[in-house]
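Chain naming follows the written order as A, B, C, D, E and F, and within any one chain the residues start at number 1.
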Amino acid sequence: MNDDILAEVRRDYVLSKIRDGERVDGRKFDEMRKIEIQTGIIEKAEGSALVKLGNTQVLVGVKMQPGEPFPDAPDKGIIITNAELVPLASPTFEPGPPDENAIELARVVDRGIRESEAVDLEKLCIEEGEKVWLIFIDIWALDDDGNLLDASALGAIAALLNTIVPAERFEIGDDFPLPVRDLPVAITSLIVENRILVDPIKDETSVAKNFLTITTDSEDNIVAIQKSGSYLLPEEKFYEAIELSIRKAREVRKLLAEV
Amino acid sequence: MNDDILAEVRRDYVLSKIRDGERVDGRKFDEMRKIEIQTGIIEKAEGSALVKLGNTQVLVGVKMQPGEPFPDAPDKGIIITNAELVPLASPTFEPGPPDENAIELARVVDRGIRESEAVDLEKLCIEEGEKVWLIFIDIWALDDDGNLLDASALGAIAALLNTIVPAERFEIGDDFPLPVRDLPVAITSLIVENRILVDPIKDETSVAKNFLTITTDSEDNIVAIQKSGSYLLPEEKFYEAIELSIRKAREVRKLLAEV
Amino acid sequence: MNDDILAEVRRDYVLSKIRDGERVDGRKFDEMRKIEIQTGIIEKAEGSALVKLGNTQVLVGVKMQPGEPFPDAPDKGIIITNAELVPLASPTFEPGPPDENAIELARVVDRGIRESEAVDLEKLCIEEGEKVWLIFIDIWALDDDGNLLDASALGAIAALLNTIVPAERFEIGDDFPLPVRDLPVAITSLIVENRILVDPIKDETSVAKNFLTITTDSEDNIVAIQKSGSYLLPEEKFYEAIELSIRKAREVRKLLAEV
Amino acid sequence: MQEEVKLIVDGRRLDGRLPDELRPIKIEAGVLKNADGSCYLEMGKNKVMAAVYGPRKVQPKHLADPTQAIVRYRYNMAPFSVEERKRPGPDRRSVEISKVSREALESIIMKELFPRSSIDIFVEVLQADAGSRTACLNAASVALVDAGIPMKGIITSVAVAKVEGVLVLDPMKEEDNYGEADIPFAFFIRNGKIESIALLQMDGRVSKEELLQAVELAKKGAMEIYKLQREAIMKKYKVEEVEE
Amino acid sequence: MQEEVKLIVDGRRLDGRLPDELRPIKIEAGVLKNADGSCYLEMGKNKVMAAVYGPRKVQPKHLADPTQAIVRYRYNMAPFSVEERKRPGPDRRSVEISKVSREALESIIMKELFPRSSIDIFVEVLQADAGSRTACLNAASVALVDAGIPMKGIITSVAVAKVEGVLVLDPMKEEDNYGEADIPFAFFIRNGKIESIALLQMDGRVSKEELLQAVELAKKGAMEIYKLQREAIMKKYKVEEVEE
Amino acid sequence: MQEEVKLIVDGRRLDGRLPDELRPIKIEAGVLKNADGSCYLEMGKNKVMAAVYGPRKVQPKHLADPTQAIVRYRYNMAPFSVEERKRPGPDRRSVEISKVSREALESIIMKELFPRSSIDIFVEVLQADAGSRTACLNAASVALVDAGIPMKGIITSVAVAKVEGVLVLDPMKEEDNYGEADIPFAFFIRNGKIESIALLQMDGRVSKEELLQAVELAKKGAMEIYKLQREAIMKKYKVEEVEE
């Protein structure tokens, strides 16, 4: 019970801050947290990246192996994206197969990579109709202080950039870097009190889980959108969020270029 | 609590009616509800039928694809029957894999089709020991006002009658109608207060779930029986039910002939 | 509630006995219960054994079939050990897939057989890299009066001794006895009140679930150990238990030789 | 293929039985320590073990019925009970058998005496032959008596098959595989008399008249099995008396 | 391969529609007896059935919220609804669609009126075409009205696609498969006016400007569908009045 | 095949270690924000992250014990932690490791101080090498201290292997794969002294005498690891003091 009251007090505080045009951690509404990207830390993976977005931490590993292509794309590699919100990362995560939140997260990250055509899948055909490279992107949440999605999307593309196709291990020629040709970036905002808060922290999402994620490619095209949460989105907020997401993604993309 | 009392009052009413030789919906004990059969309504299925038995509605779809034969029947097609009591169809159905009621329903329908040899499975051999046609019969309950089983069995045979084997899609010759050579009909009765009520509605089964299903073929042979429910069946009631089921199945079979 | 009190009284009694240097069933601390081994009772299995260890009963069946070898052991047969603590065997066992206790039991039995190299797996290669014999050891608990593990391990090796490789059924030559070349024996003790009780019965394990299982081969080598249960094991007790296990295993191995 | 097998020669079946003969049956009650009641039973090559726990507290609690006991029945096959290893765990066939078997027993158990309780019946098929569901029901029935569960009478089960036009009692594997029909029955027996039908299933193809004959044949078989069930129970009680 | 298909010829789509035209739509409310509200809906080749149960007691109990109703939504595809038989049971796609659809409806349902209750929405896709999630939402919305669930307005859903550089309303299968983008929308409509966006997803590649145009096109389509939803509800009530 | 690998040359192991040398170890406490206690640990190529939540209310409630806290331990491998991608979710090996690891920690946690509570320990193997269960236990132990869970002492874990007849401390992958025995230990250490054995498993083939030597070798290794665990905890506290 005391916990509930405390949580309510906290919520009220966050909300009153927002109404006053402020955020609890002192950031501006359109300001991201500090971003750190470390790649290659899991030697056994073909590629990997640890992303810290403030206190939020996500580890993404990429594994590859030969497999059968889809019948309708016989000459293309295949991306399989999976996310696990393991109970280590938050007091509210539970052991077990991915729930709707984990599935949604994985699918939104997947769409950004897929629709931006970030990976040149045609270069991952080994034998047309028979054998192509499968790319397993596994997203492992380590610490959830809000906005796991942007951290995961960032981790995924960073890990792909870091991936070496293990051709030698499977005796199909020389290893080569995974052909990555675009840098999709997901930017999630919280829509609350008629405001748009970019990169929300957990305290802020306790007020309302009104998310809008917009993923853009290197040419500012929009490649994926996900409105997530039970709320009504005013049209003009949507347009504002697009502008904001394009602008923020450009900043984040610069960090990726340095990886 | 009020719900419980209401249900009890209702049960008492149904029971007293039965004792008086009457049914709550005015039917005679040996009278089926109105039957409507529409076939071919799901164009993407190889065959389909929507059956209405009074307010009870079941949709049955048939899909076919080539597959491996069973080792002990290398020259015969294979029937796989599945039923889902989806939560849309009744306040008591729950999401999840088929429970014992759904499994029993599917298996009893399956036995009627199988044992009457309604489908000429030998004509569904593509290459002996290698490839035969698989027939998936999927029973989808839409509205359960009692006696889903007879509606499902009727839907299954009607959908099979309506099925075109999709040989062209799989590049194994010309499409042809599924060879159906018998019309098994399941007739379910409720055995209660020493009476036999054919085609029971939900209100009646609230009194007792004492079912007896007898499936007969076009020559009045019995091809499947299922006593379902925790009750003791007097021998003479069993014999009465057989006579009744044969008689009623003949009536229903006439409707099937018109499909 | 009364059940709880009764259980407590019983526990106190068992404990006071142990403190007095006695066991509730009159055995010495280092004395096994009476062992009965019947083999070949399941004709449909390739090998089988029913083991009674006092009131504890376990049935082990062995089935064999050809299958693919592991890539890193292309010329060796494969052992798959599974245990089911079916609810028939104890009021505390529940239906469902094996829980951690059943998995641990199967894995400890498996290790004893595997590490003692009891089965000559190289003689179970049918075609190198393509086809080898799979040995399924299924442990079926029938009555758990304590120490299911030792009974299971004993049943497993007895059933293997009794196994005929069904080569004829699969048309790959003549049947032949499974090549068994060692007799691993697991001995489990209960470590309680600074005492070591070999082959504990259920009443005794109600005091504490402090198990130590030591499996030895025919040459008194230790091939598997499992400390099971939440307790701290003094070093000297460990050494005592090793001596005891070697001594007891020799006795049990004699019974096996007579099977 | 099935034409080549000849299942009845000179009025005798493959194993030498006459059409109205049962397979050898062996019943032993009270063979397990943990269970409140138990029974080991062989019927032809079927080898089954039944255990009864209860009346006991329902687990999980929310399943409890405040007006009567709930009855559960689990028919389960050991992987090694059949020619080709069976994957452990319930399949659709086991689920259906468990359901109709439970319903048969439930119809004679005096459930109203034990509100909020469960009576759990577990039957393991250690070796399977044709008619394993009937063997299991017969064993479960004895185990229930052994557990002292109040019942209106006893359940006795046996199947009839139609084989090459002939009705045969208690079919074995080949008759089940190549026969024209299989009809498992269970009867409610009270005071040594068959009262009514507790389980009835059928698949195959028979005429109305054949069905009536099948009932008569099954009843004959059931009465013989009933005697063996009685004997097994009596023997258990005698042994207990002697032991006391 | 996809280059060879020509999806727009002379300004017309494969099925003859103009870019801003909807597929034929058929809506019928109150088609099921058991459900508290129901709706059968066709949208192109989509055939979907929606049922609403509730407000009712939450099962299992521990999910109940003492301050408001919980809303559940299950999007489920029948195995025969698609070209290649789909294994029954939820896949990842269904789970995501169920989530965003539930959230869309939840945002206008007056949940606070029914503490400790559940409002359960089940939608079965009997035949699937492109846009099955939008068809299901439209059906669910009508079923909710039919069930008398208090809402702030209504939800109406439609998708826009980008195909060969052209934005098209309510894409069909081929446009979905070979198009450059797919953008499903759902709008909150109150007093006959679109108020805000209740569902929005997108995958593909569009410019900011195209996105704004897509919203306008979707709004146009939604208003047409909204009229059909209204008609279906009115018709149901008229029928009921006549019957009384 | 395994004969060709030569694991010990001139008394040195493949990675240059002496038989009684540990792999490089790195321990950092308090690395996660959400968890009540946490630890990142590297041991050779093992990279593991441990988190402790609790004491907290048990979920689901019916698992609560009115007399003491329940302890849960989940050993889980990331799919990318091993050469060939591992399917997510627990396999039989993980279940067994979780059980024996939980039991080791449970034996020193003062559970009776927290009735009706749970202490949940989650360990993710981010990269796996031989001895991942020992690395996880060491990390979990530090995370428990970091979480302030009252314990009688600390748990320190290390394995010993027999390789080409030689006992070696803290085996790496090749020694685990081609060695003659693997013996993971965990010890209960109090006041800087090893008191007893908290975890002990073994598979392979060793004599009684070798086993005694293995214990001594493991104890030596454990004491070294224990010092590093202590340092990691001290460092965390120092940092916290400075920060205050």
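Everything that follows uses one rule, which is that contacts are C-beta pairs under 8 Å (C-beta built on N, C-alpha and C of every residue); 3 or more make two chains touch, one makes a residue touch a chain.
Since this is a predicted model, take the numbers as computed values, not measurements.
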Contacts shared by subunit B with subunit F include exactly none
Moving step by step through touching chains, the smallest count that connects subunit A to subunit D is 3
In terms of mean CA position, the chain most removed from subunit C is E
When centres are defined as mean Cα positions, the distance from subunit D to subunit E in whole Å is 52
Taking each chain's mean CA coordinate, subunit A and subunit C are separated, in whole Å, by 49
When the ring is traversed from subunit B toward subunit D, the order is B, D, C, F, A, E
So, in the complex, the side of subunit C touching subunit F is made of residues 100, 103-104, 106-107, 111, 114-116, 212, 217, 220-235, 238-239, 242-243, 246
Residue positions on subunit F within touch of subunit A in the complex are 32-35, 45, 47, 49-51, 53, 56, 59, 74, 76, 78-85, 88-89, 120, 122-124, 126-128
Listed in rising order, subunit B residues that touch subunit E in their complex are 41-45, 48, 55, 57, 59, 61-63, 65, 82, 84, 86-91, 94-95, 97, 136, 138, 140, 142-145
Residue positions on subunit F within touch of subunit C in the complex are 92-93, 95-96, 98-100, 102-104, 106-108, 181, 183, 188, 195-208, 211-212, 215
